[in-house]
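Shared chain: subunit A. Partners: subunit B in the first complex, subunit C in the second.
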Partner chain A sequence: MSKGKWGPKMLNSILPVLLAFGIGAIVILLIGEDPLEAYGIMLGKSLLTTKGFLNTLHYAAPLLLTGLAIAVTFKANIFNMGVEGQLLFGGFFAGIAGAYLPVGDPLLHKLLCFAVGMGCGVLFAMIPALLKAYCHVDEMVVTLTLNYAMIKVLEYLSTGPFREAGSGYVCTPTVLDSAMFYRLGSSRITAFFFVALGAFLLVWFVMRRTRLGYEITAIGKNPEFAEATGMRVHRKIIVLMALSGALAGLAGTGFMLSEKFKYTLSFSGNPGLGWDGMLIALLGRHSPAGILIAAVFYSALKTGADNINMYTHVPKEIVAVIQSLMILFLAVQFLDERYGLLARLKARKGAKADAITR
Partner chain B sequence: MSAIRTVNLTRTFDGFVANDRINLTVEPREIKCIVGENGAGKTTLMNMLYGVLKPTSGQIYIHDEPVAFRSPLDAMEKHIGMVHQHFKLVPSLTVYENILLGVELNRKWRGRPTPLIDRDAEIQTVEALIETYHFQLDPREKVQNLSVGLCQQVEILKMLYRNVSILILDEPTSVLTPQEVDVLIRKLKDLRDAGKTIIVITHKLREVMALSDSVTVIKQGRVVGDMRTSQTNERALAQMMVGRDVVLTVQNDGCCACGRHPAYSVHNLTAENEAGKQVLHNISFDVCQEEILGIAGVEGNGQSELVKALSGLMTVTGGSVTLGGQDCTNDWPDELRRKGLGIIPEDRYAQGLCMEMSIADNCVAGHCEAVSRFGVFQRRKVKACRDRYLQKYDIRVAEAEGTVSQLSGGNAQKIIVARELENRPQVILACQPTRGVDIGSIEFIHSQLLQFRNAGNAVLLISSELSEVLSLSDRVLVMYNGCIIGTVNPRTTTAEEVGLLMAGAKPSSGEESA
Partner chain C sequence: MRLLGSILYDSVYHTTPILLCVLGGIFAYKAGVLNIALEGFMLSASFMSMLVAGLTGSVALGYAAAFASCLVLWLVFSYMGVTRRGNVIIIGLAINMLVPAIAGFVLQIMGTANLTLPWLNVGDMKVNLPLIRDIPVLGNMLSGHPVTTYLAFLMIPLMGVLMYRTRLGVYIRVVGENEDAARSLGLRTDRYKYLAVLIGALFAAFAGVNLSMERMALFTNNMTAGRGFIAIAAIYCGRGSPAGSAMYAIVFGVARALAVNLGLFAGPAASLIDIVPYVVMTLVLTMVSVVKRRNNRLRGFVGG
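So, the complex of A and B:
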């Protein structure tokens, strides 16, 4: 659809990464280490060795899904900032279903867990969706704040009703064997990666080829046009939030069944997978292919952190530094693309003079 | 000596001439009205006088001194002030805070200014100002509690405090009640007597007559009349404003079958805008098969709201709409399309097209069923649809795969016309179908509409181009202030008669029932 615009788009994603690595290198130099060596180990171990690459893919799976969950809504200019909450909610109850439902059949049990997890994600996304569609409540605020409400609710549930009695720390019971995804070979990768990949292809197809994808694009680009030509925008907002919530729930379920196996208070890490997804959506410029690449890259950074700790004297926190710098530079670029920062600066002069006279 | 004089002032926007060699003279201490329809170029002219826009060519003289404003700041320096149509006030601040915004009075400490604001001095200053000009305002009142008329007074006071000698008001009465209009007129006359020069932009002729000393009529970017108000009347002004050259080149043989088979009926339709103000009052009409019903009127008299209500973008509060015997009051746009309504919207880039999407995507908008199966687009069908439209409607594109933003206005409009006509509606709602479109496309779109009618369908044509309405329609309704004020027969009427109706004058004799 938009040929020839890939150049600046790619540049907008690559530049922040390079800048972040550049400044990271200065930091490493200041500690008296060799940045090239550190980066070589970090990326080499997580991308260039088979085992490391498969581990990277394993951690990329939930990130890919949360990135998509955010990107589909951003495409329609709806801002679902509640992916983290939806993921936690979905993951938690998928874990509960995995631990308590005595279904013998492994496939059936997993399907059931996925249904529960995705259902929870959708359910939780419906609150801001209905408020937005029927009461014109800003979805960004609602989704953002509900994340914290959800964290507290789950804290209560995991310390109270669903606490594993025999455990020394707060967690829910471990999911049953029949619900677990087992490692394939010696790396950490499980079949869930392929589930995520399947979901990714499905979303790609929906966005590119179907009427829903077309309408989402139209709503994002010109909502008035969308409404006038008979796409019921408020209905589509609900469908879209449901899709986003389902993807978030899927990510949570998969993370639960393939990695964590029980809900702990630090289930999703810090920053959570939902927040990472936002960065990935930005890095991938909301395009499916971009998100796939961004998810793998980001996951490589995360797994590379351990290697950097093990093989060099650089502390693993350097990865957090690089991540934050990336967010910082991406935000700048993001503004530029969406709001035309340059154009705004140019217009500023005239507007300023205008404002004073009024 | 004149307060403002312009010599051959011209402004173009990408080749479109908005102001064409305007020669305007405003005498000191007079009230000058500038009248013309929307899009005639009044606002462009004022923006040049106020430094918002730069003239393409020509010269402005203020008090016989040539000036070149770079921004409104320069205009303020020459004591020119402007009251915009939409007020620039801070609702949560008080009257005196708004008036002194940006020029606050600071508390003094040992003769030196401090950063603290001296509230008492501010209130006193504003009280004195209100006193001087005999306004009725409490400086301590918050602006959000004021009526629209009083807000406007605050705006005027803001300008007076800044010591303007030339005051420009852009459509000052458009938001006022008749009583507030009378107050405003009185105030402006007082100000003139106090030595101010006032320029008022408007298209309401009654107010021109009541208010001004002299009047300039602008039509399509040119001055077409300039006279003392005492030497003219509403009738003559209306004629000058709307009586443009007929551009019709299409033969309309006419085949009025009025009353035989109503295809589209609107009955007692009422609607309110977001502010809760009633904008449509009991609108009723039938559009029959094989008929083009035109709706004429000066813009802003409820046509936009009528279109929104009829195309499913605005909820109606009363009345009913029937299409081919089916009720479609308050239907959604997709339901309306399914029932056989084609819509050519008022603003093609807002509601009709998505500029950043491809031509093909725009061709199928609103009619996706035909090109998709189980919700999946069939690319071949979408492309075939686009190619058919491009060929049949002679839409010229540089690149078929490109986006709509690359097309000229005429070609973009033809995409909408193609899309709406090709999906076989029974009724077409055509709003401003040829606005900003080149002559060739105008002719083409007109002939398509006539062809559509001749095939036995109904067209509701809403346009502010009087010549278009008169030459295409079989029957013309005139809208004024949210009401249908009269019906005329386009074959026998005169531009003068329609102009009077458009200005709100009730017809003297019969022929009133809509």
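So, the complex of A and C:
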């Protein structure tokens, strides 16, 4: 990639963030609080203290995976908006496997849970994938709406068959000790962070260094041409959606075994981890390094929200406002990425000079 | 018998907001701008109508605030999506996340979990139709709804006329079907897209007010609960035609009424009826796509 393209690319990611924070600052000023103090507490505590930073990394792990799950499909110009549903499905049954399978061995039990969770993620991603590959159904709309169907199904399963009887609120039984990831040291970070990092490096390698990665990029650029050169686009779409579903399932499993330990109706938070993943993929411009930075930054925002609540009078809902503004501004390109600002100015000057000499 | 009566009444009750969203949303669909922000538009109307009515003590100002908030969101959506050519799905999702975030922020500052209007008697909003209300069973179902409900059903044929018999409707459809052709005829395509989204925003405002102020004089955050997406499903199933999409809206409204009423007997399993709209949509989309491809093949366009 030539050097000139990096400037606008970075700016296109940074400008929306600054704009969103700027509007957030105005809102904080309006309620009579100090925005600099609020932002300082929000980001300072979650990025600049050791314990806070490790907590941030802990919450970044599932976000890294959902961001990646969305980015791999976006790259091929396929839009898997169903990461949220795949994550919930995977997380739910990983939790069930963790609670009911009487496996003594901790490693084996966790592996089984991961297999179940990732399997469920793949399974749920297969519905839109098969419909897209063989019936040409718009995958964006199908994946988007199937999320809501999945939420309803899991609501039924957790209030009906799998409900923990003794609990005062709706939840499934807690996973057994052998399936839990334990905290390393005094912060919340667990071994799952390294699992996520490993998966991240693996996908990076696949996308950058293997035939599959090359083919995915080719399909994204021009599917008809890819088909004409002999790639089986149908099959690649299915493989890609399976990869995306597996990553979503992995994220759900990890979140279940390292943080939640049981399925509740607000398992994934609001907005859910899958939607957060979309923001991260957009913010990171679908490049692996960008996604890693975006996931950590975004996780810092999320953990910072609790600190904002604790140490200032600003409600933590301000973070949700800033987050949705970021997505809104990230949806449009502020600067043309193909030509740098300078190049465009030069081109305009050149055209003018041409006009004069003519 | 009482159960049947309440299912019938609830069917109309639950259809209303979905139907309103559908009737407004079909124009954006036909113009080629899929507006999934209907959910957010609706929620902002619900919220602003209750907030302003609560602060000023005036129902009329509540309505005005609902429409004003939807107009602001309309401008944001159209500017980002039409003028700046952003991805409309992502913009729509962002608006759907932004509205509950703002509502939650304001509720938190006010120190409450929901907004109520103790002085507003919801019963006064309901209109009993003379004569019709005396018909057994049907009278119960058709009478006793707020004015908006009657308007919603009256709008089905009116929107049909607007879409197929007026210049505006024809131009909007042309823009969606072939933008280049429309532009070559000298149509200002962006302007028609703005107008198409505007119709959806106005209807969503009605739906939002219906949901919060007219029905219960109550606002809780996220009370739209996916109705905007059910409307999108209905629009896709009906392929944007007013009558067809409205029919699916009614089917989905009935499904919702069944889920609510049968929940009392069947327990949690009744909530599975709620997935009907999404499953139906997936099936209809698949069928439409398969049929289209088969027709293409018959005409010799393999691959398409």
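The criterion applied here is as follows: the second predicted complex is superposed on the first by the 329 of 358 C-alpha atoms of A that agree within 3 Å, B and C clash if a C-alpha of one lies under 4 Å from a C-alpha of the other, contacts with A are read in each partner's own complex, and residues count from 1 in each chain.
Everything that follows uses one rule, which is that a contact is a pair of C-beta atoms (placed from the backbone, for glycine too) under 8 Å apart; a residue touches a chain by one contact, two chains touch by 3 or more.
Keep in mind that this is a model prediction, so the values were computed, not measured.
S.K.: Answer with first, second, both or neither: which of subunit B and subunit C does A:L54 touch in the superposed model?
M.R.: A:L54 contacts neither subunit B nor subunit C.
S.K.: Which partner does A:A218 contact after superposing on A: first (subunit B), second (subunit C), both, neither?
M.R.: first
S.K.: For A:M126, decide between first (touching subunit B), second (touching subunit C), both and neither.
M.R.: Neither partner.
S.K.: Check whether A:G230 is in contact with subunit B, with subunit C, with both or with neither, and answer first, second, both or neither.
M.R.: Touch partner of A:G230: subunit B, not subunit C.
S.K.: Just subunit B (first), just subunit C (second), both, or neither: which does A:I31 touch?
M.R.: Second partner only.
S.K.: Looking at the overlay, does A:T210 come into contact with subunit B only (first), subunit C only (second), both, or neither?
M.R.: First partner only, subunit B.
S.K.: Is the number of subunit A residues in contact higher for subunit B or for subunit C?
M.R.: Touching more of subunit A: C.
S.K.: Which residues of subunit A are in contact with subunit B in one complex and with subunit C in the other?
M.R.: none
S.K.: Over in the complex, which subunit A residues touch subunit B? Could you list them?
M.R.: Residues in contact with subunit B: 1-3, 209-212, 214, 217-218, 221-222, 224-232, 350, 353-354, 356-358.
S.K.: Spell out the part of subunit C that touches subunit A in their complex, as residue ranges.
M.R.: 34, 36, 76, 80-81, 84-87, 89-91, 93-95, 97-98, 100-102, 104-105, 108-109, 226, 229, 232-233, 236, 267-269, 271-272, 274-275, 277-279, 281-282, 285-286, 289-290, 293
S.K.: Report the residues of subunit B in contact with subunit A in the complex, numbered from low to high.
M.R.: Result: residues 52, 71-73, 75-76, 84, 88, 102, 311-313, 332-337, 343, 345, 350-358, 361, 365-366, 368, 372, 375-377, 379, 401, 403 of subunit B touch subunit A.
S.K.: Inside the complex, what are the residues of subunit A that reach subunit C?
M.R.: Those residues of subunit A that touch subunit C are 27, 31, 79, 81, 127, 131, 135-138, 140-142, 144-146, 148-149, 152-153, 155-156, 159-160, 270-271, 275, 278, 282, 315, 317-318, 320-321, 323-325, 327-328, 330-333.
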